[in-house]
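In what follows, chain A forms one complex with chain B and a second complex with chain C.
Up next is the complex of A and B:
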C-alpha cells in the first residue's frame, strides 16, 4: 500500500469527472432555464404554472409512486418537412398535375421529395379524382428546406396555397403519446421533476390532451380495468371514501357501473388527494411548439390519435 | 521414505515480496488509446449539438435546428394572388375586369389567354398605343409593371391571371419568364400591339 496518494487521486478524478459530466455541465447548460415563448403565431408564454389543485396533485403523484410505472418523457427520432395544401381553389387539374410532377421528380442534389401514401397511390393507379378532398392535407415529404420551398412555389404557381408543415416523428409519437419530444422547459415548474423511467403504463407527458375530463381520471383511479381492459394498474381506492348517503347524494360522488358500484345506500366520493391527482393528470401537456422542439400545428389539425381507452370509453358511455 | 523435507525449488527471486515495477506498455496500445479518445471526442462533439442547451436530439446542430423552424410571418413566396393584388389589381381590378377606357380586362382576353411569349413580354417592358382586347378598343400607356418582379413571382402572377375568373389557359413557368427576359435583354421601350403580334 505504498501508492495511497495515487489511488486517492485516481478515485478523486474518476468521481469528479462523472460529477462534472452529470451534475455540473447540465447545471451550467440549463440550470438557469426560464419561461420562454412558444414559436409560431401568436406566441404565448411557456410553460405556465399549473393551477393550484394540479400543483398539489404533483405531490400525490409522487407519494403514490406513479412515476415507478409511468414515464413523462416522450422521445422523437426525427423531424420531417411536409408540404401540405391548404386551399386548392376551383381549378384542380393544374394543381393535381403539379403534385404528380413533383412526386415523380428525380432527386435533386440533397433534396428528395417523397409522395405521401395518398399521392403515391394516385400516381401509381391514376385515380386522382378525390386527391384534393379534405384539405388541408399533406401530400409530399421533403428532405431539405430548399426543396420544400421550391415545391411550395411550384404549387403556388399552379394556383394552390401550400404550407410547410414541420412534423416530429418517432415511435412514441406514433403511439399517440404526444406531438413532439419533451424538453427541459416542459418540467420547469415541477418540483421535483417526475420524469420516470419505466413504462409499465403509458407515458403521461400529454395525458391532459388525451383525456381532459377530470371525472374520467377519477373513475380510472378508482377502477382502472373499467376503461382499460387488462390494465395492470392497481386500483387506488384508498383515495376515495365509501360512505352512507346522507340526506341526499353528494354531487361529487362517482358515477359507477354496476360491477364496481357500492351497495345501495352508499356512494363513493373522491378525497381531496384524488381530486388533486386527477387535476394534475388533466393538466399534463407538453405539446407547445418551442424553438428547441419545433413543430407546426395546422389550424384544423385533429388531436393526436389516442391509444388510451379512456377516450373511447368516454364516447361509448 | 524419510521425513526429510524436499529441497525448495523456488529461486530467491520468487520467494521475495512482490513489488510493482515499471510495466512496459506496448507503444501500439498507447497509440490506439489516443486514437479511441480522439474518436470519442469527435463523436461526442457531433452528437452534443455543440453543447448548446437549445439543441436536443434528433437535431445535431443549431443549423439543423434552424432548418426546422416554421416560416415566420409572411410566406417566403408571395404567390400569384398576392402579387396580382399588389401590382396589377389597382388598374386591372381584383376581379380581372379592368377599367373601362384605361385598363383592358383579363377575363376572356385573347392577349392574356393566348401565346405566352407575347403575354410575358407585356409586364416586362410595358405596352403603348392602340390595342384591341375582347372586342374593345383601348389606347394604352402601361408601364413595365413586372420588370422588377423575380421570375417566379412573375410566373405565378401570370399563371394566376390565366387560370382565374374562369380563365383556363396553360400555366407559365419561371423558366419561360427567364427565357423571355433573356431574349428581350434590357429593353425599356414599351411594346406596341403590332410588335407583339409579330412574335410567335
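Up next is the complex of A and C:
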C-alpha cells in the first residue's frame, strides 16, 4: 500500500459496494413499491395519499422537528391465532362444555381467554346467553395452527361455528399504539419520510386512530400539559394567534380551560400551520391489514363477507 | 514507524533519486499556518455554538416552556441546529485541518495552495452558518444528520471540494514516497465525504426517492459519515500522534492495514436499525457488518496498546496524549456498544431510547473531539512557534472534557436502558417518559462541564493566535518605524 492510486481504488470499490447496496438497491426495491390491496377488501388500495391539508401538515411536522421526539414505527414480536365463535346456535351447553374441555387440555393446547369461573358459572346456572352474546368474539388463543384447527373442529362438533383470527402481538401493540407492525408501504407517499429514532414522546404511527378529533390535537399542541400532566412536550403557541375578539367570537377559536385561557375579550385561533399539523396527526393511520403484515379485522368492523375467507387464507400461509 | 527512528519514513532517505529534497518542518508549518488558524478557530467557535444549542435543548427537559414561544428556538429546531453545528462546524472542519497538516508533514512538502484552502474554509463556514440559520428558520430537510437545506449543502460541498482538492494535491506532490498508515486513512477520507454527501443530497433533496428508500439512504449517509469518516480521520490522528509523541515505533503496520480494510469494507454497510420497517435483508446485513466492526476496534486497540508498551495514555504528562488516550477509550466503548446493540435482541431494548443518543454523542465528544483536541494542542504551538498562553487551562480542559463526557454519557446510557426495558412491557407511556427525566437532568451537568471546557479551548486557541499575530504586528511596526528613523538619521 505505497501507492496513492491503490488506496484510491480500495476506497472506491469499498464505497461503491455499499453505495450499490444501500442507495441503488433500495431505489430499485422499495422505490418501485406500488399501492397494494388490503386483506379482505381487494378493491381498496393501500396506502392512499394524504389529503391536501394533512400533506401540508407533514411539512409543519418536518420544519419543527417533531420526529426528534416521536417515532412512527410500531414493532411487533409475533402473531397469535385466536379462535372466535361466529355463531353459537341455540344449544349452548355443549359449546360451553367443549370450551371447558379445551381449557383443560395439556399445556401445548389453546389457552382460554374468558375467565374459567365465568365459564363454569355459565354451565351451572345457564348464563350462557350473556356469555355468548355479541358474537363474533374470541374465546381461545393458540400459538400453533394445528392446535387452533383441532379446537375449531371440537367447537364445530359441539354445534358452533368458529373462525381463526390473526392477532399481531407485542408491547407496542399492547400499549395501544397500533394493531400491526409498521411496514415500508405505510410511508409510500410521504416525502420526506420521518420514521423517527427516539421515543421521548409516544409513537405516532396510529395517532389518527387513537385520536381522530382534530380539535383535541390543536388543544394538545397549544397546551400539552393540559391533557398529560408532567409532559415534557413544549407548547407550540407560535402556531396560534391570540387576538382581540371582533364583532363575534371566531368559530375556530380554541375552547380553553381557565388556567391557560387568554384574558377576557381575547381568543386563541389556530394559524394555518397548526390546522395543517393537526390534520396530519389525525391522518396517521397505519393499520390496514396487508399480506406482509396480516391481521384479522373482526367481521363486525368490515361489512364485506369475504373478509373471513381472505384472512383464513392468509393465515394458512 | 517511529518518526525519529533512523529507518523511519519520517527521516529523509531519498531512495528515489529523482525526488526533490524534503521541506523542513518549520517551512511546512509556515505554509499551513493561516489556513489552519482559520479552520481551527472557526471550528472552536462552532463547538461553543453547538454547546449553547445543546444546553438550550437540555434545559427544555427541566422546563418545557423555556424559550418555547419562539418558533426559532423550539426543541425540534434547536437540537438539529446543535448537532449540525457540532458535526459540520466542528468535527469535519477541525478534522480537515488536522488532516491537511498531517498530509503535508507526512509528505514532507508544503501545503498546496494555502490560499485556496482559506477560500474553501470560508465557503464551508458560510455554508454551515446558512444551514444552521436555515434549520432554525424551519428549513430542515427532515433527515437526521443531513438537515441543512439545499442552498447550504451546496456551499458546504463546494467548500469541502476546495479544501480536499488541495489536500489531494499535497498528497500527490509528496517528497516522501514511502506511505505511512495515517496517509491511507486520510486519503480515503478525503474523497469519501464528497461521494456520500453528493449522493445523499442529490437523491434526497434533488431527484427524490420514494417512501422508505429515503430513510435507508439517510441511514446509509449517517453511518458513512459518523462511523466511517470520523473513524478514518480520528484513527489517522491516533496512528500518527501516539508513536510520534511517545518517540516509539507503531507496533504493526499490518494490523493498521487490517483496521483500514475492515473499516472501509464493513463499517460502510452499517446504520440500518434492526427493527427498521424495510425489507429484512437490509437490517440483517447491517447487523452482521456492525458486529464485525468489533474486529476493527480490537485491531486498533491492540496496535496502540503494543505501541505504548501497555502504558495508559491518559496518565501521560503530555496533554495531547491524554486527550488522544481518552479518545481511544471512547472509540473502544462506542465500537463495542454499537456491536452489542446491533444484535436484534438487544436492539429491541435500546432502540428509540436515550442510549442511542448517548452512544452517538460519545462518538462525537468522547472519541472524535477528544482526538482532535489532542492533535490541535500539539499542532497549533508548532505552527506558531510558541506555547499556549494558559498552559494550565489545557489540563483543566482535559478534566472538564473527560468528566463532562462521563457525566453525560453514563446517565443517558443507564437511563436509556431503563427506558428500553420498561418499553418491553405494556406500561403506560407517560410513566416511562417520566422515568427518564432524572437521567436527562443529570446529563445537563455533563453538558455544562463540556461547555466550560469548550470555552477554555477557545480562550487558549484564540489567545495564542492573538499573541502570535500581535507579536508579528508589533515587530512589523517596530521594523517600519525603525526604518524611518534610520532614513531620517542618514543626512
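Just so it is clear, the second predicted complex is superposed on the first by the 244 of 317 C-alpha atoms of A that agree within 3 Å, B and C clash if a C-alpha of one lies under 4 Å from a C-alpha of the other, contacts with A are read in each partner's own complex, and residues count from 1 in each chain.
What we mean here is this: a residue touches a chain if its C-beta (ideal position, glycine included) is under 8 Å from a C-beta of that chain, and two chains touch if they have at least 3 such contacts.
What you are looking at is a predicted structure, and each value in this text was computed from that prediction instead of being measured.
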item: Chain B versus chain C as contact partner of A:124, first or second or both or neither; value: neither
item: Contacts of A:18 with chain B and chain C, given as first, second, both or neither; value: second
item: Contacts of A:181 with chain B and chain C, given as first, second, both or neither; value: both
item: Which of chain B and chain C A:149 touches, first, second, both or neither; value: first
item: First, second, both or neither for A:79, with chain B first and chain C second; value: first
item: Contacts of A:158 with chain B and chain C, given as first, second, both or neither; value: first
item: Touching partner for A:199 - first (chain B), second (chain C), both, neither; value: second
item: Touch count on chain A, higher of chain B and chain C; value: C
item: Which superposed partner A:40 touches (first chain B, second chain C, both, neither); value: first
item: Partner chain in contact with A:94 - chain B first, chain C second, else both or neither; value: first
item: Intersection of chain A interface sets (partners chain B, chain C); value: 3, 29-30, 33, 181, 183-184
item: Complex interface listing, chain A residues touching chain B; value: 3, 29-30, 33, 39-41, 76-79, 81, 89, 91, 94, 98, 144-145, 149, 152-153, 156-159, 161, 164, 166, 181, 183-184, 289, 291-296
item: Parts of chain B lying in touch with chain A, wherever the complex brings them together; value: 20, 51, 53-59, 65, 67-73, 75-77, 79-80, 152, 155-156, 159-160, 163-164, 168, 171-174
item: Residues of chain A touching chain C in the complex; value: 1-4, 7-8, 10-11, 14-15, 17-19, 21-23, 26-27, 29-33, 62-69, 71, 73, 75, 171-172, 174-175, 181-202, 224-225, 228, 230-239
item: Residues of chain C defined as touching chain A within the complex; value: 60-61, 64-65, 68-71, 74-77, 79-80, 138-144, 171-172, 177-179, 183-184, 187-188, 191-192, 195-196, 199, 203-204, 208-217, 219-220, 224, 257, 261, 264-265, 268-269, 271-273, 275-279, 282, 285, 348, 352-354, 356-357, 419, 423-430, 433-434, 436-437
